[in-house]
Structure formats: structure tokens, C-alpha cells
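The following blocks contain the structures, represented as C-alpha cells.
Shared chain: subunit A. Partners: subunit B in the first complex, subunit C in the second.
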Partner chain A sequence: MTEWAIGTEKLSKHYRSLQAVDGLNMHVPKGAVYGFLGRNGAGKTTTIRMLMGLQRATAGAASVFGMSCMADRISIARRVGYVGEKKILFGSMTGNDLVRFNREYFPKWSDALAERYAKRMEIPMDRKFKKLSLGNRTKLCLLLAMAQGADLLILDEPTSGLDPVVTDELLRLLVEDFTNEGRTIFLSSHHLSEVERIADWVGIIDEGKLRLEARLDDIRAEYRRVVAFGRDLPAARSPQVLSTVAEDDNRTYVVTKNVEAFAAGLRNEGATVLDISPLNLGEVFLQLVRKEDVCISGNAGATRA
Partner chain B sequence: MFIRVVPASGVPLYLQIESQLKHAIAAGALKVGNALLPVRKLAAELRINPNTVARAYQNLERDGIIRTIPGGGTFVAENTPGLLKSEKLRRLRPFAMQLAVEGTQLRLNQEDIVKLVKEALEELGEGK
Partner chain C sequence: MYLWKCWRDTRVKVFVAFGVILLVDFFILASAIHVQHFHKPGRALGLLQATFMIPSGLLLFFGWILSKENPGADIGNGCGDFLLTRPSSRGRLVWTGWMVGMAESVILWIVLSAIAFGALLLRLQQVGIPVLGAPQTRIPPGSVLLVFAIFLLNLGLIYGLAYCIGVVTRNGSWALIGSAIVVIGYGFLESLLRQHWNIHLPDFFLPLHGYDNGIEIPSMLAFVVHGCLLVVFPAVAHFALERMEV
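Coming up: the complex of A and B.
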């Protein structure tokens, strides 16, 4: 048995002129709520489709519960609750039809849960899928994934198109039903505030590469922004420096640990340290994926013990 | 429950929960023997990861502020936190330093600052 719910080794996908996913090494621990973050076009959906065996990797490998995502995709599909980017189901079927249809396929399906989710998310279950609003389609897709008794949920942008009330209810349902008994949630999003609430792990992908994989608590407790002022400051190349942004004689560093020692080092080089402050997830995200004046340095994966 | 967390603040969520519970206990809103919400229930209410709540509870229990009876819930403990006085003072010192720095910046004198602390203590006392 592997300790990972999801693992990828140098997973890559390139299309003719585009490297969509580029040597991704990602590890999602069992029992985690893992927020998979990235901008539009960063490679999130391509990665998720490869995890579900819906697209073939150009190179590298991916596994779910130790099973190969390509070879064992049928077994994986039965054990994973999956909501894809495009929330599309059979148009002429109603919610109730789809429940009956899915019940046969998943051994651990629960009608009681399906009923509970329909009620709590206010889904009209007797209306045909094609007649549903975008939000209700998304909700129905979520219901089907969540009622199948899966040990792992893989959700691609689960809250897109949901109003704030339903989003809040969904987060509550996920915490109540999927954060126990070693169940794992892997969700992609660019709504950082939601992820910041329920996730305990985050991975940040940009241009197909994993820029960061860390425990959210470690980010909050140890990551600091250091603003320094001085001539000829280094674009520090040490593993504890996640990014450096240069602006005239100012440098903004994101340091992942031992911030006091790092600041002392800068002072030794004649710099004035103007500010040391904690960062929230949104700020870490921006520091990592922003384009202008940035040189990413150090080893982004260095936070894993 | 009265607890609110601000995910985007950069302060770890478990610390936010700890400090709010400490405040509620110090102010008498939660009294000795009062039950706290179970971990999973508070997590669901706040829409946050249960591990985060569990960590806050563990830290408070380690400090003797709350106690958990296996299978029986979590309660506000007797008012005998098992910490040495020197340890208590050590923990409080950074707050005192911050107060001193901010106060000095604002050109307040020692008397004013000490008076503020006294007033804050009195305010807490009224809630008991």
C-alpha cells in the first residue's frame, strides 16, 4: 500500500507547440484536503484528466491509490468521485434518473447521501439535465460524485458557477462528510479564499510546473516576506528562498524558513531590512506566478520533510 | 458559536481559534466545566479543516486550559493551568514589548500605558 492518494513522477503532456504539463512531481497524502492552484491555462485540467485516465501522458507516470492512471483507469473510476471541468451529463435524464443510473455502477453508493445532498444544495431532481441552469448542473455533478462512497474526490473547479450560499453549503458538506476516515479531497481552484479555509495541503502549478507543494500551516507559520533595501543585493539562490522580486534597490524575498537568519545575512551584506511580514496564500500565489521582474530561485519543493 | 476565523490574515487558523477561546474563557463567556463544540462540528461550522480545530484544542489542552474526556467531550478546565509562572511570563513578554514599542511611538508615557493595561483587566473582570 502506498501512503499517497495521488502521486505523479515527472508527469508531462505536450501538445504540438505547447508544454501543458512539464515534469510534474506531485504527492497528495491520504486524508489530505489538497488545493491544486494555478492560473487559467496553468495545466490544472490537463493534469486532472491524466489522473482520471482521460488523457494519455506524453512522459512520466501518475498513480491513484498505487494504481496506474492509464492501465487501471476503470478501477480508479469506481473508487474516485470525479467532477470534471465541463459539467455535462446525459441531457434527457433527470437528477433522479442519474441517481438510479449511477447507483448500479458504484458498489458503495448511498441513496441516503444523495437525498441529503439534493436537499441541502436545493437541486430540482425531477428536471431534465439539459433544462437545468449552469449552477444546478454543477450541483448535480457534485451530488453524483459525493454520493458514490468514494475514498477520494477529484474536483476540477467545483465552485465555478455556484452562488455564494451554495458554495458555503458545499464547503460545509465537504468538511462534514469527506474529512474523516482517511478520505481525501483533491480540488483545483483559483478561488484562494475557499482553499485557504478547507485545505491542509496546497500545490501551486504554473506553466505546467509545480512551483510549490506544502502544508498550509507551514506556509502560515514559517513563510515570510522580507523587504530589503541596499545596493547590489543578491537574487538569493538558496533553497529557503522561494522567490525574489527586484525593483531598483529594493528586493522582496519570500523565505520559507529561518527568516531571522536570512535577515541577519542580508544585514551583514549592508542591506537595510525594511519589513518582515507573514503572507497569506494569495500573496504566496502571486509571488510565485507573477511574470514581471521575477526570477524564481531556489528549490520550490524544499519544504517537504 | 462565537468563533470567527479570517483565512486570509496570514495568522495560522489554529492560533486564531486558540486566542478567541482564551479570550472567551478569560472574559467569563465560557466558564469552568462548560463544553466546547466537538472538533468536527466546529470545523463544519467554520468551513475549515478539522485538523486545524484539533490542533487548536490540543494546544489548549497541553496548556491545561481545556480538558478532553475520551468519548465524553471537551470542557473548560479548572482554573489551574499547569504552567510555571516563569513560563507564563515568558509567553506574555512579546506582547508587553509590543505594547511598549507602540506606546513609545505614540509618545505616551509609562503611566498612560500601565493605566491602559489596568483598564483592560478591569474590563475583563466585569464580564465575570
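Coming up: the complex of A and C.
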């Protein structure tokens, strides 16, 4: 049995001249809450669509619970609750109709959970989907995915269109019903604070490549920003350096581990270390995906369970 | 599941079609009964045959309209993410949707024909024509089956064609427009070839002509070709959906 809920090996997808996903190697441990982060157009949604068998990979492979995403998409769909980027359901059906439609597909479907989610997220279940607001549509999509008894939830921008109160309620429900039961959540988001609140793993994708895959605790405990001053400082493309930003004679390094040893090495090269400071997820994200004068050393710092 | 969804999406159309075709059926038959002499040889038999043939024509139109509902249209409406990630094969979606449309049309044909046939028998009895065992009202069971077979194959052709176009283009309206273009274009091509080069293409639809002694029987080849087309169009739709990226 594989220990990964999701695994990709050199997964690629290109559309004519656009390389949407480029050799993605990603591993989501079972039981993890994995935040999949990236800018618009970074390749998050394309990756998720390939995981759900909605798009074919140009090269490489993707698996969910060890099953091939294309060949075994029906078996995968039985175990995965999915909310896509387009949160559109059958317009003429009410929430209750959609529950009726959906429940027959999933043996582990829970009407009690569906009722509970409808109440907690304040979804008008007797209103036709096409008459619902954007937020209520999103909530209904989430309800259908969460009540099906899935072992894995794949959520593409799950909080888009939700107000802060419902977002908070949703995150609570995810923690209560999924993370506490050892089920896996894979969510893509622009909202770093939400991811930081519930995720224990993060993957950062940019221009189709996975720039970082690491435990959030490791980022908090070990990732440091090192600002050094000096002439001819190294670009430092070593595995422990996640990125380097050069500005005149200043260099800012994001170091994933052994920061003291790294700083000592800089000092030995004649540099003055001006600052060593911890980083939050947002700062790591910006360091990795910022376009101005950045040297990136790649998928550094991954430490798996 | 999807079967229920298909029924839910089409049931209003089914009831409307039932009402409209029943009205048209009775209007045509009532007009014929009123102006014609029943005791004229073959007249009663011709009217009884018409009870099967009138719904056949009208239900082809209904089947064509029904093809607007197909999995491609759902995907085109943005529901592809949801629909194609349910644990069910894409082939099942295609064949279920197709089967529901065909079944609804066939059931309507049976019900409407039975109602019209029964009503006409009642009327014949009222005007003194014996309806049971009398030679002037005895329809050979084979001719009813023939009308049904021709209806089924023609329905399969127009419904299947439009359904297939709808799935491939992911658009319900294109199912109607595209199939209309094919039917009209085929007719235009057929007449062009016939007039200018004396080339005869087979009829698009199997002909359904009644006459005093029965129903005109199309050629066996036409039956075979239409029988193949009955399953070819949904099979093409199945293949297209299986390969489709959303």
C-alpha cells in the first residue's frame, strides 16, 4: 500500500505553446492537510484536473491512493470528494435534488452530515441552484463533497465567494470532520492565511513547477531569511538555500536548515550578515514566486514523514 | 442517479408532447371521420392504420427536440467538473441519456397509438361497423410492427444524430441546429445529384406510406443501414465523451 494519498511523477501538461504543468513531482501524505499554493495561472487547476481524470497528462504520471488517475478514475471518484474551480451544478435542481442525485453514487453518503452542513453553512436547500448567490453555490458544492464520506477531499479554491464568517465555519468543519478523522485534504488557495490555519503541508507551484514541498512546521521552525552585505557573494545554489534575491551588494537568502552554519560560511567569505529572521508562509511564498531578480534553487527542503 | 436526472429534465416535454400529439391525432382523425364515408371499402382500415402513423411522424419531431438534453449540453453549461467526477463511466452517461430519450418516445408512441386506436374502434362500433373479426377493420399485426419498426429506426436516426452532435459540440442548441443542417443538406444533395447526374441516394428517413392493403415495406438493405445507424451515433458520442477533456 502506498503511503501517499496523491503522488505525481514528472507530471506535465502543455497546450500548444503553453507549458501549464512542467515535470511536477508532488507527494501528499495520507492524513495530511496539504495546501497547494500558486499564483494565477501557475498550474494548480490543471494539476487538479489531471488528478481527477478530467484532463490527460502530456507526460508523466499521477496517482491517487496508488491508482492511476486516468485508468482508474471511477475507483478514484468513489473515494474522493471534489470541488472544482467552476462551482457549477445543474441549474434546475434545488439543493435537495442535488443531494438526492449525489447520494446514490456514494455508499458512504451521510444524510445526517448533509443536513448538518446545510445548517452550519446556512444553505437554502429548497432553492434552485441557478437562483443561488455565488457564495451559496460554493457552499452547496462543498456540502456535496463533504457529505459523501470521502477519504480525500480535493478542493480548488474552496473559499472563493465565501464571506469571512462562512469561511471560518468551513475551516472549522474541515478540521472537525476530516483532519480529526485522519482523512486527507488537498486544497488550492490564494489565501495564505487560510492555508496556514489548517494545513500541515504546503506545496508551492509556479510556472508549472513545484518550487517547494515542505511541512509547515518545518517552515516555521527552520526556514530563515538571511540578509548579508558584501562584494561577490555567492548565488548559493545549494540545496539548503531556497532562493536568493540580489540587490546591489546586498543578498537575501531563504535558508531551509542549518542557518547558523550557512551564516558562518558567508562570514568566512567576507560578508557581513545583517539579519537572520524567521519567515511566515506568506513571506516564503513571495520569495519563491516573485519575479524580480530571483535565483531559485528548486524543490528544496522537503522533509517527509 | 443520471437516469433520474434525465427523466427530471425531460418530463415536462414528455407531458407537453403527449397532450399536443393527442390533440393533433384526434383533430386529424375527427376531421377524417367527419368528412369520409366509413363504409367505403378500405376506409376504416386506412383510418386505423393512420392511428399508428400519425404519432410516428409527430414523435420524430419530438425526439429531435428531446436531443437538446444530452451530457454534452451539461458539460457545456459548466457542469462537467461535477458530472464527470461522479463514480460512473462516461459511457454510461451517454447510453443512459440516449436510452431515456428513445424510451420516452417509444412509450409515447405506444400510448398515443393505443389511445387513438381504441377511440377509433369505439367510434366505428358506434356507426355500426363491426370491429372484432370483421374483415374491413382487421389490421394484420405485422403491419403494426412494421410501422413501429420504421418509426423506431427513423427516431433512432434523427434523435441519435442530434444527440451525437450535442455531445460532440457540448451544446444542446447545436444538437438541433447541426442535425437540421445535416437533414436539409442531405435532402438538397440528394435532389442535386438526382436532377443533374441521375444519381439516386437512399432516403434519409425510411418511407412510411400506407395504402389500402397495408404498409409499403422498405428494402432490407435500408433496414440494415438504419439499424446500424441506430447504434452508431450513440457509439460515436460515447467515444467522443470518453476522449473529452474538460
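Following the convention adopted for this analysis, the second predicted complex is superposed on the first by the 297 of 305 C-alpha atoms of A that agree within 3 Å, B and C clash if a C-alpha of one lies under 4 Å from a C-alpha of the other, contacts with A are read in each partner's own complex, and residues count from 1 in each chain.
Going forward, contacts are C-beta pairs under 8 Å (C-beta built on N, C-alpha and C of every residue); 3 or more make two chains touch, one makes a residue touch a chain.
Model, not experiment: these values are computed from the prediction.
Asks: For the overlay on subunit A, clash or fit between subunit B and subunit C?
Replies: Fit.
Asks: Where does A:104 make contact in the superposed view: on subunit B (first), on subunit C (second), on both, or on neither?
Replies: second
Asks: Is A:182 touching anything from subunit B or subunit C once the two structures are fitted on A? First, second, both or neither.
Replies: In the superposed model, A:182 contacts neither subunit B nor subunit C.
Asks: Just checking: does A:74 make contact with subunit B only, subunit C only, both, or neither of them? Give me first, second, both or neither.
Replies: second
Asks: Between subunit B (first) and subunit C (second), which, if any, makes contact with A:90: first, second, both or neither?
Replies: Only subunit C; A:90 stays clear of subunit B.
Asks: Between the centres of subunit B and subunit C, viewed from subunit A's Cα centre, what angle do you get? Round it to the nearest 10 degrees, please.
Replies: Rounded to the nearest ten degrees, it is 140.
Asks: One more residue to check, A:279. First (subunit B), second (subunit C), both or neither?
Replies: So A:279 only meets subunit B here.
Asks: For A:270, is the partner it touches subunit B (first), subunit C (second), both, or none of the two (neither)?
Replies: A:270 sits against neither subunit B nor subunit C.
Asks: In Å, how small is the closest CA gap from subunit B to subunit C once the two complexes are overlaid?
Replies: In this superposition, no C-alpha atom of subunit B lies closer than 28 Å to one of subunit C.
Asks: Which residues of subunit A are in contact with subunit B in one complex and with subunit C in the other?
Replies: Shared contact residues on subunit A: none.
Asks: If we count contacts the way the header does, which residues on subunit A are in touch with subunit C in the complex?
Replies: 49, 52-56, 74-75, 77-78, 80, 82, 84-86, 88-93, 97, 100-102, 104-106, 141, 144
Asks: For a test of understanding, state which residues of subunit C touch subunit A in their complex under the given definition.
Replies: 1, 4-5, 8-9, 74, 77-82, 84-89, 245-246
Asks: Looking at the complex, which residues from subunit A come into contact with subunit B?
Replies: For subunit A paired with subunit B, touching residues are 33, 168, 171-172, 175-176, 179-180, 192-193, 196-200, 217, 220-221, 277-283.
Asks: Across the complex, what residues on subunit B touch subunit A?
Replies: Against subunit A, subunit B makes touches at 5, 7-14, 40, 43-52, 55.
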